[in-house]
Structures are given as C-alpha cells and as structure tokens.
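Here is the structure we will look at, set down as structure tokens.
Per-chain numbering from 1; labels A, B, C and D assigned in written order.
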C-alpha cells in the first residue's frame, strides 16, 4: 500500500515545507496570518512525515538520494533508515503540536518577535530532519549547526532580558565546543575512510587509539548536545529561559539528536571497544541520579523540567550502555532490552516532556511567573490543563499505567535477567539506580504538581489564573492521549520499536521474539486494564456512598489553628528542603538562613536556598575568570609603543633567520 | 581591457578631484565600481593571454583576488554614497580619490606577473590608504595613521630587500636579474638556496606585516579601530588580499624550487597558529568592537596562512577563505560602521541593544559574527572545515587540534563582545541621534551577506573551477 | 482455583486483623486490656457509614487519591504469592510492576494530601516521599538478590524460592536480607521507629498527618489500604523469613496466616519496646538497610 | 674606482654609527643627507657611464640628499625641537650595539655567495649594517622625527643592496621604489605636521593612547 511513492521523498518534502513555513509570514504585512499559515504548513508537513515514517517502519524500502553539490566534500547523500525513523516520529509529532500551540502562546499581535520565532522554528525542525537523514559528514555538520544556531535564536526570543542573554552565551559556548569536537571526529573518520560519506554500518575498524579519540570526541560533541553529565551545564538555563514551546522542541526533540549522533557513530564500528559500554552506562547513571537530584531542589518550574530532562537522557544512555555491555558480554537479553528501553524512552520522553513543557507554557501564560512557590490552587481554574499535566507527571515518574513505565520495565528486565547472571554483574546495579531515580522522580513531580495545582493560591496571579484556549490545550491533549495509549497498551510501543531494535542491534526476528516474550507486555496490559477497572469500581462505589451520606464544606483542618492562610502552606522550597539536605553530597546548595534573635522570627524573615550548578558555577566560571585574567596580562604586548612594535618585526626576522632550515 | 581595470579608477579619481560638490562627488564611486565589476566579470570569463613581455597576465590566482576586491569595492562604493551623505560635514575629496587610487593599485597587483611592479602597486595601496585612516581628523586617528604608515613602510621596505635578494639569486644563476614570475619559476631549481632562503624570509616578513600576521600585526587594531567602517573594510579585505597574493607568488616560487617550500610552509604554519593564538587572547573582553574586528582579521589571515602551510587539500580552503573572509569582513565592518554612527561610540560599555535600535545593521552584524566564526550555512564554514579536515587527513593532529582550540576561544571571546552589543535594551542615558538604517547603508552589506550564504550552500560552478585552478597553481594536482 | 479464592479472600479480609493484633500486643505491653482484635473492622464499618467534610480548597484529586491508592495496593496484593502458593496474577517481570504500584499509590496519597493546602499535610507528604526514596533501593536490592538466587523474574518463583536448605546454604545473606526487609517493612508502613501512628503531635507524624483531612468513607478506604499494604509487605517478608512448605495447601495456608499473626505480634512488640527515632536519624537507618541489602547481593554474587 | 666605492661604503657605515651616537636632530638629518649623496654617487663608481646612470645619480642625489632632508628639517623647524630627549636606550649602549651589529653583518655576509664581480666588495655587509642601524634607530628613539630618520636609514640600507642590481634591473622598478619612498616620506612629513599640531609635540611616547588595557 505504500509502494507507490518512495517515503524518503515525503520526508524531504516535509523538511522543505517546514523550513519555508515561516517565510510567507515575513512577507505578509499581517503577521498573524503568516503565523497561522506557518502552523498549517508545519502540520501538513508533520502528517507527511509521520506517514513516511510509518511506511518505512512497515518495511517500505528507503531510497538514498544523492545531490552533487559543488562543495569539495563529495556528494550529499540523504536517506532514512529505521534508526532515523525512530527519531523522526517524535520530531514530526512534537513539531506539529508545537506549531499549533505557538499560534496562541506567542501571538504575533503581542510579540514583535513572533515572525522571527516562527521562521526559526520551521528551520529548526527541518534541520533536525536533515540531521537524521544526512549520510555525508559535512552535510550532517551543516544541518547540525543550523539546528544549534536556530535553537539559539529561538531561545533568545526575549533577547532584552539579561538572564536570557546569559544563558544564550552559555548555550552557544556549549554547542560550539561540541561542534569543534565533532569537526575533529568527522575529520578523523574522513582520514580513516577516505571519504566524507558516512561509513556503512559495522564496516569500520580503527586502531585502538584512533577509535578511542573518535568515540570520546563523539561523546563530547553529541553527549554535550544531549545534556549528558558533565556537559549538561547549558541545559537548565537554556530550557528554562526559552519560550515554553521552544523548550518543548528542544527537550523533546533536540536533545535526542545528540543520542542519534552517538548511536549513529557507534554503528559505524565493527566492534565497539569494551570500555565504551561501561563508560556510557556510568555517565548515564550519573546523569540520571544527578539530574533528578537537581530537579528535586528547583523552584523554577521550567528549570525543574529541564533538570528532569537530564535524568531522562541519563536513562536513555543507561539503555544504550546496557546494550553495549551486552554485546561485549554476549548477553542477548541485555542487548535487546537495553535497546528497547532506550528507543522506547526516546519516544516516551518526546511525548511527556513536550506535554509538560507545553503545560508549563500555559501556566506561565496564566500566572506570569515560573516560580512554583507563587502558584497553587490552579487545578480549579484550569480544569483541562490540570489533568493533562497530571498525566505527564505520572508518565515521567515511570508509573504504571502510563508510558514511562514501559521503557523502564525493559531496562529492569534486561538488568535483572542477563545482567545479574553475567560474570561481572555490575549491570544489575542499574536496577537499584533506577529505583532511586524513580523514587526521586516521584518526589519531584509530586511537589511540582501538588504545589502548582493543588492547595490554595499563593499569589494574586495564581488566584486569577485562567485556562488556555483550545489551540493550546489541543496539542497537549494529543500528547497526553499518546502517553495514555502507549502506557495502557504497551504493545503499541513494542511493535513500533521492534523493527528498529532488530535493525540497529542486528538481532534476528526469532531471537527478538524470544526475548521480548520474557518482558511482560501483554500481562502489563491486563494489569493496566484491571487497575482502571478497579479504580472505576471503587471510585463509583465511593461516589455512590458519598451521595447517600451527609457532607459538609469547611476549611482545611489547621490543627486547631482557626484562621489558616494560604501563606502557611507548604511551598516547593519547604517540600524538598529535607531531600536537598540529604542529597548534599550530590547537589550543593547555597542557603540563605536568617538569623533569629527572638523566639518568633520578625516579619519578612525568609529562608531560601538555591542549587549550585556545580559544573557551571564551580568549574567553568572560575576557569573563565582565570583565563580572562591571564589574557589581560598577555594583552599588554599591545602596549601602544611603536618602537617596540618595530622590534617585533625585527625579532620575527631574526627568529626566521635562525630557524633550522 | 585589462588596462582598463587600472586606468578606469584613475580616471574616476580625476573626476572626483574635479567635481567640486561634496554631495555629488561620492557618486563617482558606484559608477566606477559598477563598471569595474562588469569588466571583472567579462575578464573572469575570458582572460586575455599573457602580454608579450610576460608582465601582465590575469592568472587564476589573480582572478580570485580580483574578484574579491572588485566585489568589495562595488559594495563599499554604494555604501559610501549613503555613508557620506550622512557625513556631509566632512570634505570627502581625499576619501573618494584615495579609494579609487587604491582600487587602481589593487587591480594592478592582481594582474601583474612582475614582482617588482607588484611591489610598487602594493606600496601605492599602502600610501593611498593612509589619508583615509585619518578621515576623522582627531588625535586618535592621527596616531593610528602614523603607526600604520611607519610599520607598513618598514614591512614593505623589507619586502623590497627580499625582492632584491631574489633578483640577485637569479643574477647569480644567469647573470641576468629578473623578477618575472614565469622565468623565476622556470629556473627556480637552479637558484642559489641561500639567497632564495633569505629572500623568502624577507618577503614573508615584509608582506606578512602588510597582511597582518602575528606578531607583525601591531598596526592593525589601531588602523581598523580608528578608520571609518568603509575604510576598515577596504583594509581588511582589499589590502590584506593583495598582500596575500604577493605571498602566494613567493609560495609559487618556493614550490618551484622544490626545497624551499618546506621551510616556507612551516613558517606560514607557525605564524598562522601564532596569529590565531594572538587573536584568541585579544578578542576576549574587547571593549572596542572595531578593534575586535581587527583581531578577527588577524585570526583569519592566520587561518589562511595555516591553510597554505598545510598545503594539499587545504590550499583550496585557503583560497576560498581568502574570498569568504573578505566578504564577511565587509559585512561586519560596514554594519559596525552603522552602529558606530548611531551610537556615536564604539565601546561595548555604551553600545547595547543594537538589534532594537538598528534592526537591520544589528542583525547583519550578528549574522556576520556567526558567519565569520565558521558556522554553516555561511561560506567561511566551508573553507575552515576544508582546512581543518585536511590537517587531520594529513595526520597533523596537533595542528588540527590547536586550530579547533583557538577557534573555540575566539568564538567565546567574540561572542562575549558581540552578543551583549546586539542584544538587550539600548542604553537610556545616551541621547539617541537621528541615525537610521537606510537602503544605501544596509543594502550593500545585506547583498554581501546573501552572497556569503549562497557560496556556503551552492558555490557557482565557475568559482569552484577557478578555486581548483588556483589551488593547482599552488601545488595541488587537480 | 481454590487457591485463587483463598488468596483473594485472605488478601481482602485478613489485613485489618493485623492492625487489631498489633494494637492488642501494644496494649498488653502497656498493661491494658486494649481494644478487641476486630476493632479495625468495626472502625471501617463505622467510617463507611459516616458523612464527610471536605475542605474548600480540595478538588477531585483529593477524592481520587484514596481510591487509586487502594486500587494499586489491591493489585499488588494479587501479585504476591501467599502461603507458598503462586500468586493470582503472575508473570515474568512482575516484581518491577509490584514495586512501581507502590510508587503509584504513594503519588496519589501525597498529592491528595497536598490538595488540602494544609502545612501539616504538606509536611507529611514531603517526609513520605523523601523516606520512600531511600527505602526503594533496598527493596530492589533485596528483590534482585532473590532473583539472582532463583534465576527468575517472577515474584511467585522468587518469593517461594527460599527454603530451609537455602537458608542453611547462604544463611548470612538471607539474614541480611531479612533484616533489611524488616526495616523496609516498618518504614513503608509508617511504624515505630519511623513513625508513630498514635502520636498526637502532628509535627512528628508522617503518614497519619497526610490523612488528617480525610473523613468518612475516604478515611475508611485509606485505613483499609494501609492495612492491606502492611499485609502485602508483611507477606513478602514472611515468605522469605519463614520458608516452610509442607506440600499440603491447606496446612500451608494455615502456616502463612499464623506467620502473619506472629509478624503482627513482632511489630507490636517492636513498637512497644522502642521509641520513635528523631526525624534526622531516619535516613541513616534507611541507608543502613540499603547497605545491608547491597551486602546481601554481594554475598550472593560472590 | 671600485676601491673608492669600498671606501665610500665604509663611510656609510661610519655615518650609521654617528647617527646612533648623536642627539641633535639637525645633525642627524644632515648625516642622512650625506649618506644619501654618497649613495647617489656610488652607482657611477661601479658601473660604466651611461645616460641612464646619470639620470639615476641625479635623481637619487636630489631625492635623498636634498628634498627629503629639507622636508624633514622643515618639519623640525616648525615643531621647534632640537634634540632627541631620553632615548629608550642610551646613546652609548646603542652605539655599542650598532658596532656589534656591524660586526655581525660582516659575519652574516660571509655566508651568502656572491657573483665573482662582487666578491671583494663591501656592499652586502654595508647594506645589512645600515639596515640594522635603521632598525636600531626605529626601536630606540622617541621622537617621530627620529623614527623617520631611522626609516630613511633603513631604506638606505636596502638601496645599498639594490646597487648590486642596478644594471640588471629595469629602471622602472627603481624609479617606482624611489617615488614611493618620496611619497611615503612626504606623507609622513604631513602626518608629522598633523601630529605636532594635535599634540604640540612630536614625541611618539605620547602616541600611546591606542592600546589594550
């Protein structure tokens, strides 16, 4: 049924459409029309893209397109294999949702930057399509850099804000260092293969040191983009300060491009060195624990979500690491489950993180702040957003019956089944790590959801919050439906991902079926349904009971204190204070503790703490300051004294003369 | 027709001298520039054969540089009309004449095969630009002019001595001194190595001073900083490229000699890396954005030198970068000139929020920054990537690694200067003047930026062939 | 089939009795007569007949909390083997689901608490999620230790795997496991020394303070859910600590119920002889339990 | 005749040392003028007579011996300065360095092979010594005028070497070189005038506002 037209051309057409979607808006003198048109175009492109992705997944062969461009890097090759598809699916979905959302969230009549934002959003999405389709390293780098730069322009939409400027510079620094690492990596590959085209998969065997350099540079370049610790330092600030729908794209899709890069690079090798798997596993675990620990202590809604992205990226890396370790240990369960876990989590994270970021946009729209300690009680005022946000929160905690659980389930099964009986059963430690991460995630998102939506409003803005328009909630609804469907019927996800795992992990179909059969997909569905039925039954019984019995309204029990005020509620700060204290070894905090003179603190006495961004605040900033100081000494050679300048010329002459011929 | 390239600007200069009206006079520039680039276009398609004496021949290397300067000039010429219209308070006779004389001399540099004549033309460009640096007539600009003049004169003097050494080495070989490129290359293997070596050193230092390779670059920040943006663009693109062409000629001779090239490449490589390092150190926290552009020019001259020093595949990149750097620098200098005018200030303490006050100029400056730091889809990326990848392909990992390291430092330094300039809110305490973006001050750099984008994505066929021919002349087997 | 019916019946009906036994034990230690064994049942029946008071700040989350918590716990109860009999629902990998169901119930308990806007309930919720973070790795260490021993991913196999023979073979690690699990059991069910359900000072409570505002049937559901949770985790503990199987199903059931009652008495004893720990000490004890279980895993892997 | 050329070259080198040792600007200018005249005479001594040669001799003597010194001394008069004050390195040390440089240039010249007809001449060492003297003046003197003089000396050094080639090279190049020199000095003179007007002094140590912090 898909054989008529090659799906790859659909993808390219979709990319073109998205790239150009913002252009009419610049020409039209009614910017709002341009925005609507752009949203329409992106949605069309998204449908085309999803259609092509499904076609490729169902076995339609992809064609490689070759463009003979006049640059000295060989022909530009474009094609989409199954690895590309797994990244394209969330990309198109999120891009479509975000573009619809942006019409109401960043309307042209309120924001002068809307035209620019729309333009770059289209270019951003299109460049990512090209990133996963490029089969020539220079084309890849170009698309990669366009992606990185358009992300920069997107996140600095509010460029007059000094915070935004600062995080913009940090982001640029991070992405540029990463790009330089990639320059080195691809140049080394070019040296090894003699062509700028990507090597075929499993065709490359390099000397040990070269392979090590290639992989390390790839980890720096791609891992930095993905937000892998310790190169995550740009991420919290960037995601927090970008417009929310941009954060959704960046977190839901762009971070995955880093993962794509690493997966693609690793696929070149005949055999990946043994240490790589362990290193990735370690970095993944570190990112997961540290990321969620950072998230736990945040008060800024979007910074919290951003830190949780680091955690999720860590989980994906744990999956990849398990797979690599599995290859090395000849443990098929580990390979298959690791890959399943990673791929499923890639899709899932795209769904629920975008959902949460879009939700945060609605909240910011309604309250005008990102501080969760100034929100509260919004569930009453936002009857649609609130349950959608709850679904996202449950999903991101990996709780059944939502989709987040499915990916983690695979990782657990992999770690416990094969990891535990391996000669070096370190991989099994993934299970307690994931458990700890899961526990922290529950804490974090209970706090997030509870403080924002529940209780009484903590500020006027929160008290007058309002529900968003349908253009904003509809995309969220779509994403939430995705979370729910994938979680209730996980077989959907498994069917989606199996061809990709078979393709990437080079696993034969029978082996794949044998291994997936050990992962409780069908029982999980049954249990999920049972759970829903139970909730429905108990809930119905409870409600019936409630209707029969007398009920009264009252104020919250204040433990005999008669006039409780909203300010007496627990805040996000107080909620996580204990945990942050316990996590002192992982995340450093900067506490501002008031000095108390009398038994009762004076009015206006505040206790607060902020998390120290260890890499940024403790390492990079001092290093930069030191280098700046050193440079300021070096700069004295340009002292303005002409005769010494002449001496420089003379000295150069002398040096060249005595230089060994 | 070749001679027209030289004579036409001189004629223009004469017109500029004659026209009495300060308002009308600048119009000579675009007229001349347009005809010049039209002639260039024709000549690029079909260059005449070498002149009978062999003195005049527009070879591929010359064509590349000619294309670059002609483009530069026409863009600057149109810009000048808008710029000088805004600065009517200053007499512009000297400026117009200087630009035209410089164009004439630069055209001469590109087409001559005689190193002596080339030297004369190059010295003419130096001298003709001196009064233009002094355009603003204040203490700072006189200081800059003085330093420029003295250092460049010393440099050009050393180059002259180098030429004499070269001539003497031919004299030793044949009892007949010549500075014609053809005979020099034909007999390069017979030249006395000691004299050739000395010649190479003196020419490198001499022309290197003109080009601004570290540590010979000391005049650059001062001159670029104090000259109007327009003149800065001429210096950074035109003069630098002409000096570079002279170095390329020496490179050709060294290559033909077979032995000297190793030293020459090493020296270029060393100075190139040093230039990038210098630029990296000076770019960070640069308080004056025009001086920052000067250091960026030092950096890019260094990149080209590294490309030449690496040889082989990097040569294509070096030649392409010559073109790209020029084009991007023009955008940066012209838009920075606009920003300077609008704020009446060029320190980054005051200049903030340029995107808000001058959306076009600010945007162009930002785009230029992105382009010059080697980000796709702009053309400098292509050339820089060619150079760095061929460093790795040659197995010169240290060169490649240092190159990338310096690029990162330069990028950070430049970002820390540029981004606060263009972003944020414009200062409130500085009285805004009536300067606005106009078609004539924004259109030319915008055109150049578009061209940069085009070359970065799909360079036209003729250019690719031209660059390949040029690289072939420098030793790449096409 | 009989086993399934017995399983469901025991799981549904038995849990409140555990609370009654614990109460009685504590009363005995205090030298009081104490409430009857069936008092929790009376309480539940009474609560289901009472009217409710709702705070103005609450939303549907407040009502959904107890319902979802109970549902999740019920399903967890179906996943574990009782009395050496396979669980009602049993599949490979169910141990992970088991642990995560508690996560789900915790999520809803705590957000229901936050829904009231009470500072005390917020405090309780914060403590609950914080301490359970520390308890969770222990559970997983224990489970993977057992999974490694039994080479299975099914709770029914894992939990029925320990036999007296295994106890003899690797007693040290089993002992460590049992110790760790007992601490987890106490912590997860908010018993002394972690929490005192009978205290009257809200500032020191964990679980009880979270349900201050619930009343009527909702409170009944919560009470029942808590008992069920105690039962489920207790059953896990008993399966490991008392690995006696006779082969006769009915005798096994009897042994199981007896063992559970003994466990209740033990908990009651612990509650009577120990004081509640200071809040800051609780994490230390929990981390200690984690280390015990990790050590057990190491011994098994050796 | 050739011997005379050698003696003149020695004189050129002596003048170098004189310039390094003196503090009086007018005296330096005169010394440069003398050096220029000598350079003008030199071609006539080493090449057979021709019309071309006569023209060159006249032009060089005019330019180097008369016009340029006049321009500079005019600037000196206008700026009311008499002597170089406080060079960056004292007169005696510069003199000593100059002597060392002269010795070094002899050693350096030994390494360069010469055509047989130039074998016994001092052109190469004299050229290099003069060049180095020019550098020394440029790097040690404070006044703009002194630096121009240093530049002139540097050019003279180059010119001395050029004499070896004056026969073999086309005239056009020499003429061009000379013209550029003239124009360069002329513009330098103008610049110096502007400097003295702006700063009421032509002490280049004042010209240090353009620098990095």
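By definition in this document, a residue touches a chain if its C-beta (ideal position, glycine included) is under 8 Å from a C-beta of that chain, and two chains touch if they have at least 3 such contacts.
Quick caveat: nothing in here was measured; it's all calculated off a predicted structure.
Undergrad: Suppose chain centres are the mean of their C-alpha atoms. Which chain sits farthest from chain D?
TA: Between chain D and every other chain, the largest centroid distance is to C.
Undergrad: Quick one: chain A and chain B, Cα centre-to-centre, how many Å?
TA: That gives a centre separation of 43 Å.
Undergrad: From the mean C-alpha coordinate of chain A to that of chain C, what's the distance rounded to whole Å?
TA: 36
Undergrad: What is the distance in Å between the mean C-alpha positions of chain C and chain D?
TA: 100
Undergrad: If you average the CA atoms of chain B and of chain C, how many Å lie between those two points?
TA: So the centre of chain B lies 78 Å away from the centre of chain C.
Undergrad: So which bits of chain D are touching at least two other chains?
TA: Residues 138, 147, 204, 207-210, 212-213 of chain D each touch two or more of the other chains.
Undergrad: Can you list the residues of chain A that touch 2 or more other chains?
TA: As it turns out, chain A has residues touching two or more other chains at 632, 635, 638, 642, 646.
Undergrad: Which chain B residues reach two or more other chains?
TA: 146-147, 150, 154, 198, 221, 282
Undergrad: Who touches whom among the chains?
TA: After working through each pair, the chains in contact turn out to be A-B, A-C, A-D, B-D.
Undergrad: Per the contact definition, I'd like the list of chain D residues that touch chain A in the complex.
TA: Touching chain A from chain D are residues 88, 135, 138-142, 147, 204-205, 207-213.
Undergrad: Okay, in this complex, where on chain A does chain D touch?
TA: Residue list for chain A touching chain D: 632, 635-636, 638-644, 646-647, 650.
Undergrad: Which residues of chain B touch chain A in the complex?
TA: Residues of chain B touching chain A: 146-147, 150-151, 154-155, 158, 197-198, 201-202, 204-205, 208-209, 215-216, 218-219, 221, 263, 266-267, 271, 281-282, 284-285, 313, 316, 353, 355-356, 370, 373, 375-377, 381-382, 385-386, 388-389, 391-393, 395, 400-401, 404-405, 407-408, 411-412, 415-416, 419-420, 423-425, 457-461, 464.
Undergrad: Show which residues of chain B lie in contact with chain D when the two form their complex.
TA: 116-117, 119-120, 123-124, 127, 130-131, 134, 138-140, 142-147, 149-150, 153-154, 156-157, 160-161, 164-165, 167-168, 171-172, 175-177, 179, 192, 194-195, 198, 221-222, 225-226, 282, 287
Undergrad: Which residues of chain A touch chain B once you look at their complex with the stated criterion?
TA: Within the complex, chain A contacts chain B at residues 69-73, 138, 141-142, 145-146, 149, 156, 159-160, 162, 165, 168-169, 172-173, 176-177, 180-181, 183-184, 186-188, 190-191, 627-628, 631-632, 634-635, 637-638, 642, 645-646, 648-649, 651-653, 656-657, 659, 661.
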